[in-house]
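Letters A, B, C, D and E mark the chains in the order given here, with residues in each chain numbered from 1 onward.
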Amino acid sequence: MIDITNLHKRFGPLHVLKGINLTVDKGEVLSVIGSSGSGKSTLLYCINGLESIQDGSIRVDDTEVHHPKTDLNRLRQKLGMVFQQWNSFPHLTALENVALAPRIVKGQSKSEASERASEQLNHVGLGDKLDSYPHALSGGQQQRLAIARALAMEPSLMLFDEATSALDPELVGEVLDTMRMLAREGMTMICVTHEMGFARDVSDRVAYFHQGIMEEIGPPEQLFNTPQSEHTRAFLSKVR
Amino acid sequence: MIDITNLHKRFGPLHVLKGINLTVDKGEVLSVIGSSGSGKSTLLYCINGLESIQDGSIRVDDTEVHHPKTDLNRLRQKLGMVFQQWNSFPHLTALENVALAPRIVKGQSKSEASERASEQLNHVGLGDKLDSYPHALSGGQQQRLAIARALAMEPSLMLFDEATSALDPELVGEVLDTMRMLAREGMTMICVTHEMGFARDVSDRVAYFHQGIMEEIGPPEQLFNTPQSEHTRAFLSKVR
Amino acid sequence: MDYFSGLQLKDLGFLAEAAGRTLLISGVSIGIGSLVGLIFGWLLTVLGRTGRFLLNAVLDVFRSIPLLIQLVLFYNLFPIIGFSLGPFAAGTLVLTVYTVALVSNVTRSGLESVSPDLRRAARSLGLSYWQDMRHIVWPVGLRAVFPAWVGVALSVVKDSALVSVLGYVELLRASQTLITRTQEPLIILAIAGAFYFALSFPMARAASLYEKRWAQ
Amino acid sequence: DTLDEVVDRGTLRCAVVLDFPPIGYWNDNNEPAGFDVEYCKDLANSLGVEVDLIPATWSERLPLIVTGRADVVIGSTSDSLERAQTVGFSIPYAVFVSQAIVNTDSGIETFEDMRGKKVAAGVGTVQEQWYEEYADDWGDDYRYQGYQSENEVFLAVEQGKVDAGMTGNIVAGPIAQRFDNIELGPVLPFTADYVSMAGPRKDVSWLNYLNLFIQQQVRTGRYEELWAQFVGSDAPDLTVGGVYY
Amino acid sequence: MDYNFHWQPVIGRLPDLLLASLDTLQVAALSIVLGIVIGLLLAILRMNARGRWTPLQWFAVAWIEIARNTPVLFQLFFFGFGLGAWGWHLSPFMIVLAGLSFNCAGYLAENFRGGFQSIPDTQYRAARSVGMSAGQTYYHIIIPQVLRKVWHPLTNQIVWAVLMSSLGMLVGYQELTGSAQYFASRTYRIFEYFAVVALIYYALVKLILMASRMLGWRLFRSEGGV
């Protein structure tokens, strides 16, 4: 599904990703953990083609993401993405948020897009908020809205970038539950997260990033119980 | 040390605290938990005299906080307070942040205040940041700065209002460690917190607030393992 | 012979007509100026360093010279370079350029206020650059700065009073004319002031209410 | 030249000053009226074209000509040599004597009394220029204030902001009558104020035409008629003895 | 069009024009100082208007709204002829000063109000909680932060005051624009004079912006300057 070889990413002089090799299979759930600034978000942006890369390659379903001929807008329809914060469109209702991209990108008719959008919103438990604007939703609801919006494009892979870290502790649960549901349904997922509980329970594998290097990757039991690298141990002890 | 009887607090029509009775002894560490809007912060503000009260009384060391004759500025020197966020003064260096109040409130000389301030900053592990401005400090360092600032007034009681909830997960630890250190040193503390681990490990007692009522109070083992009230159980299951 | 006469009812009509001209000249300037300003504001967000610097420098000139001077200068310049403009045309031109200078600033900050995360979210759904612009950046950014734009528009309405120095008989000039005839400055000024206030205050209020709602 | 242009265009762009009753003012229908306005109309008639009146303040008069926005200014423009470097003048079409109007409380009776008092005039008038010649002599006693229009001068005198205002004798009379606290002041020791029409400096044929027009107005008695209508006294003699113009 | 530019007379008057620009700066500076003082008072009055309004608060709100919702030129005329009709006589300098101060106070009041409201409540509470009095809190904690918040709008207002003082010409005050018009009325070379004056204004504005940036950088280096 995803095939990353020797990926290098620089922001000017700053070397942010230093040769990442990673494969994610269909149906797999991968959690990415690591301290702030280690390049986790950057990795997701690169997979999505939102950031250029300086060396190596990323292939999604045998499409080279950074090949000049690749139609990125088409590719991105396969890759749903949910960010940490503020990513619902504030000027559109929940329904319009979800229906917009299918309509203007996929060319669905207005009624078709709306119908599917309301299905997706039902799916994430927002069936009663179709006509609410984001500012009238709680943080957790906004995040579920963002998930529904990504799902409406029928992606084959979902990328989550700390989808819960801006939420009040009480609201984290509902978003994690939605993500669990997706995992159960067999969605391929890469989740950058600070929620060790989630990483442990839901993922097939967990990867630990440290200063632009993927220091360690493995099944959650292995990584959490018998971390190989010293950095991993130090990090895990800090986040408890 | 602190004696609260039948405390009622209203914001206009909103009844925020509905008859709180609470005693905190010298050297005791009390954690206060409860969902958003249950009145936890308001309780601290009332203790500190930052909010008026409508009924009942609060006595700190036999001083009636809300008695018109009470010199609040004097009383507040006994009560150190640390808030969730925005609490270091952004226009002053770390040293000035800590030295300001001793100088202008207690009338210490500039050099004396500076000397003591740098001691306090050493105490919380910021000995090398004396001349840094807050914007150059991490969130965790800013919170420790706020703790040092409160300590510089040599308070006999510390009030913490979710001192860690605005921090990145990795930074939470350093602030909690500082609070643990204070507890070990025998400081009387009331900590409003979302960190159940901290509440469990450090407190002598934990109080659960629900919609302006103190639903339950007791030693941590009791409250966490055998909660009496249904609301407490529901809350604890949500925050895991 | 009496060359002076008291204030009459029909003078109110005269003032109303002049108020109409105030609305006309500021309306035209705001309309054209805002359109051009939108484009320039967008250019400021996409141009390279030098382009942005140059465009900014030019626009900045119009923000750094008193409007009064701009009006007199341009009014006198056009005939010199060969085509004569009446007070209305010259006034409209200067006010329009002035509006462009202000609106482009407002637009730029509006577009820049759209967070990169929001744009990434849109792009990550497969929206193209222009779809992102059309459906996300413009609506969100412009809504955010709508109150600031209203502020600019109202200040152009108020500053249009300066076109009176070119002899264009807008509201303030008309009141001067009436003052000349009736020698009753207080009441006439009060009427003129009340008109500006009645136009400006409700709009400013509405914009700030809108801003509060939008800020939530 | 301008003459051809005006005839081709079919309108005469004639600048007038309208806060200078009775020479130029807004009547109670808020339309331009006065001696100068009638002259504009007569001039347009003589050319067989429509008239386009351009209201101007004192200081705008000559720039209107210089920048080509008006064909002629009939606005009590005194024919000073300094101005003649910028625009062209016709022969005089009227003559005024400069006179002060004073606030009743000012106690001014003679020109000497104006020393140390606050005195106003319109910016760009000859009164302003002549009065400035006293500046060095009088030192701190020279307290002059310029205003954008004649009307603001009257208001200032009326409200007591200044003690005296300087204007033409013809205007001074009606003003003094109209306001309770303004009265006629001393006639000013300035030379008689010969006022001319102004046109583009290099356009001699147009200036010639204007000269002839002024001649004709006097010859036909129209000059006397309008003077009587608006000013109400005998029309002054427009010639200066002993020299050709 | 055969217009010949005459620059010589303007160059000759340059020293006079530069002197007149000092008048411009003076009246602008004074009106800003007055505007700040009055604006602060108005802002405090308006902020304290919770629930019921006292006459003092009505006064503040009326001032602010009239200043912001009518043209400056109108305000100048009002202080000129308007007050004159009541027998209050202001000299042209005072008219400009009063008009600009009135206007600046109204605009600055709203800026200050915004500045105060943008300081998080916890700043105030944190200061009070270490025992500072209300006065000490304002002096040591709130005002320095508000100053930083309003620095930019304040600079804009100063620039605005300089630009708008040009209206002095229309009420008989001979600041830079008024003097230029006065000199120009001799030879009627308005364009040349105003072109030079435009340059002077541009330079003044740039100087003010530079000074503000440098001063701001010194004052606020704690937050990385302005």
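Brief remarks follow.
What we mean here is this: contacts are C-beta pairs under 8 Å (C-beta built on N, C-alpha and C of every residue); 3 or more make two chains touch, one makes a residue touch a chain.
Just so we're clear, the structure is a prediction, and the values are computed from it rather than from any experiment.
The minimum number of touch steps separating chain A from chain E is 2. On a Cα centroid basis, the chain most remote from chain B in this structure is D. The greatest centre-to-centre distance from chain E, using averaged C-alpha positions, is reached by A.
Note: centroid distance chain A to chain B, computed from Cα atoms, is 37 Å. Centre-to-centre, using mean CA coordinates, chain A is 82 Å away from chain D. Once the centre of each chain is set as its mean CA position, chain B and chain C turn out to be 52 Å apart.
Among the residues of chain A, none is in touch with two or more other chains. Contact with two or more other chains is made by residues 1, 3, 81, 84-85, 169-170, 190-191 of chain E. Residue positions of chain C touching 2 or more other chains, listed in rising order: 76, 79-80, 176, 179, 185. Pairs of chains meeting the touch criterion are A-B, A-C, B-E, C-D, C-E, D-E. Those residues of chain B lying in contact with chain E across their complex are 45, 48, 50, 73-74, 76-77, 79-81, 83-87, 89-93, 100-101, 104-106, 133, 135, 146, 149-150, 153, 159. Partner chain D is touched in their complex by these residues of chain E: 1-3, 81, 84-85, 87, 89, 92, 169-170, 172, 174, 181-182, 184-191. Remark: chain A residues 35-36, 165, 168-170, 173, 194, 197, 235, 238-240 touch chain B in the complex.
For chain D in complex with chain C, the residues that touch the partner chain are 18-19, 21-22, 25-30, 54-57, 60, 63, 67-69, 149, 151, 154-155, 158, 174, 178-179, 230, 232. Note for the complex: chain C touches chain D at residues 1-5, 8, 10-11, 14, 75-76, 78-80, 84, 167, 169, 176-181, 183, 185.
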